[in-house]
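One chain, chain A, appears in both complexes that follow, with chain B as partner in the first and chain C in the second.
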Partner chain A sequence: MLKNKRWTFIIGLLAGMGMAVVAVVTLPRLQPHTFYGTVLQSPDKAPDFELDTASGTVSLEDFRGKIVLLYFGYTFCPDICPATLAEISKAITSLGKKADEIQLMMISVDPGRDTPEMLRDYVTHFHPSFLGATGTEEEIAQVATMYGIFFEKHEGTEATGYLVDHTATVMVIDQEGHLKLVFPFGAPAQEIADDLAFLLK
Partner chain B sequence: MKTIVVIPRCRNFGIIALSIFALFSIALGACQPSPKGPAISIEEAWGRPSPKVAAAGAFYMLIKNTGSEADKLVSAESPACGAVELHESYKTEEGAMGMRPVEGGYIEILPGGQAELKMGGLHIMCIEKLADFEVGAVLPLTLNFEKSGEIIIEIEIREP
Partner chain C sequence: MSILPDEGGSFSHLTKHCDMKKGLLYALYALIGLVVVAALAFKIFQPVQVVPRIRLAPGFSLIDQDGQRLTNEDLRGGFVLYNFTYTRCPAPCGNLNQTMQEIQSRLDEAQLGDISMDFVTISFDPDYDSPTVLKGYADGLGADTSQWKFATTPDETLLKAIIGGGFEAYYNQKDDGTFAFDPKFVLVDGWGIIRGEYRYQTQVPDTERILRHIRVLAEEVRNSQGSASLAYEAAHYFLCYTP
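Moving on to the complex of A and B:
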């Protein structure tokens, strides 16, 4: 009797351990990817726009099939914008060949001072594929509103001239044109890369 | 008989330590937090490489005060910049990011404390860049402290 109980216990233990191993091996594969960025569930397509770049007018639709990263910034921005653009550059570089399927576009919140050429020189410093776009004050205001981006000039010093406060999030539009994710300012390259890699699968 | 007493200042610790301190180790006592005054040191001073078209650049560093009194960084200047301002980045009520000159116009470093100038926070803003901010460049920067006076440092241009 005693012997039987012991065997039952041992078999039970082994079976339990076996199930635990199976669970550890298979569970992560069954789990959906947990995004680092904030996931947006919008049935509508991200609003389209037309803006000027150094290589001509572009619209959002031109990039259908690619992941588009939208960022609003300006060239007279030595801290916040470079920090963000450098992280995105690091993230997409880490994806190797897949980087070709991602397009970052920085839209100027300072159309009064930024020209398409200045924006090109500024953004390509961080990654050769980056695009810089601008338009009239009205066009920029319209695009910013459509994407919930706040920006506002405030007086600086004699040396700086005016400065522009702006929402510094990065928006991710997927291959079908849906606004999919938003990264807050300061999102590390590794997290951005993980999310992008999943969307590229 | 004349006795010369050398009381080295902490800032010169590196140079003096090699020559005098080694011989008169008793003098080391002088470099414990000095009885009076701030003792400022700067570490990891760097700036991000930036394209020519970017009119402004930011410098970052760690400012330490091992002395017994607070000190204030009140201004800075560099031949690499048309103007230099002490700035801070901040988040607005709307969740937007911006930057402005630091409140009061100075950065205070308390005794035994430090000020960390880093991305997204405090930075020294170089306006109207007069030099190329290319990887490997070394730019001189003069920091003016209220009590410690001028401290000249080098900014290394590199990726973070």
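Moving on to the complex of A and C:
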């Protein structure tokens, strides 16, 4: 009788420990970090490309192991681009040392005017690690299409020259090359930083 | 009331202590069990079902049947069902349009509420399918072009990137001018994310499945606010996908 009880206790204990392990594994997954950006679970890798920067040709694959933020903009951009780049810069700076594991790349939607050097001078003004990339009109159109970016030239004032309307989302590509998050225009630095910090864990 | 232990009092105190320990242990088991059961129940019963967020839909600027510009940004905020065809397509192609028409006529089943829904047929034959031809085609189908647009772009490289690359719908012009193509429907949400891809099947029409997915998507958009969003994110996480 006593032996029986002891076995019951041991089995109960083992079962309890087993359940505890399951709970420890499951619980954090049940309560996921609430992303500000829209999460994608695409099984495919994000579309790759080869574009020119001031320091040579880059492709998305060059940054495997890092989180890549893709933004489409242009150096003559009067308002939207500086606002977004400033927020991202703030978010990245707030992550401290982990900022090294994040690479922002702005792809020009104005390849007619933007040169790699102009793009470098423009983006590094926001954060020294930022990259600016451009290519031929065709290459840019292809990349933009694949990332759901619409862009179109329209008349500006005499001072600004023409302007380019463009989708202002920020795409986050994870360390393995999957498109993971999309931030809408106007995402605050704190929210961006929280999401990135979670992805870097 | 005496604070002195009665006969055998110390012994009863001991068992009481034991009982409490046991009770605590049981409570712990019960708590852990409850969490495990809840997790399993979520996975098995799937209180919330979702359609997957597959990938980004392509960006585009096309010309529609009225010669107006139609971009992905114009369609942002509402759902869009796309298909791909060409107006010179011989007989069996008509079935694709029938599916588009049937979904439109039964759209109230999807319970969209105040979410808008557009239908876009993109032609991969811009050489022939000018806006005028597309307009005639729409009229022939009796399409309400405020809801169902027909569009294409003369830039064939870009068109290939949009349809072939972005929507992953294969097409290729044969020597006789006809096209070999992938009869496909693509459902895109208000954020520009592809949520469903349907290969047209001649035996079982996709209408039911597409309507069901539109309804599930509308439910998600309506309900996934505040704490309920956790349930929806969990559903995405556990891949609780609607069949």
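One rule holds for everything that comes next: the second predicted complex is superposed on the first by the 171 of 201 C-alpha atoms of A that agree within 3 Å, B and C clash if a C-alpha of one lies under 4 Å from a C-alpha of the other, contacts with A are read in each partner's own complex, and residues count from 1 in each chain.
Rule of thumb we're sticking to: a contact is a pair of C-beta atoms (placed from the backbone, for glycine too) under 8 Å apart; a residue touches a chain by one contact, two chains touch by 3 or more.
Remember, it's a predicted structure, so these values are computed and weren't measured experimentally.
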First (chain B), second (chain C), both or neither touched by A:Y147: second
Partner chain(s) touched by A:P82 [first = chain B, second = chain C, both, neither]: first
Contacts of A:S55 with chain B and chain C, given as first, second, both or neither: neither
First, second, both or neither for A:T167, with chain B first and chain C second: both
Partner touching more residues of chain A, whether chain B or chain C: C
Partner chain in contact with A:H125 - chain B first, chain C second, else both or neither: first
Touching both chain C and chain B, counted on chain A across the two superposed complexes: 150-152, 167
Residues of chain B defined as touching chain A within the complex: 48-58, 82-83, 85, 87, 89, 91-92, 94-101, 119-120, 123, 125-128, 159-160
Residues of chain A that touch chain C when the two form their complex: 12, 15-16, 19-20, 22-23, 26-27, 29-32, 34-35, 38-42, 44, 47, 138, 141-142, 144-152, 167, 171, 179, 182, 184
Touching residues on chain A, where the partner in the complex is chain B: 75-80, 82-83, 86, 118, 121-122, 124-125, 150-152, 154, 156-157, 159-160, 163-168, 185-186
Of chain C, residues touching chain A in the complex: 25, 28-29, 32-33, 35-36, 38-39, 42, 52-61, 71-73, 157-158, 161-162, 165-166, 191-193, 229-230, 233-234, 236-237, 239
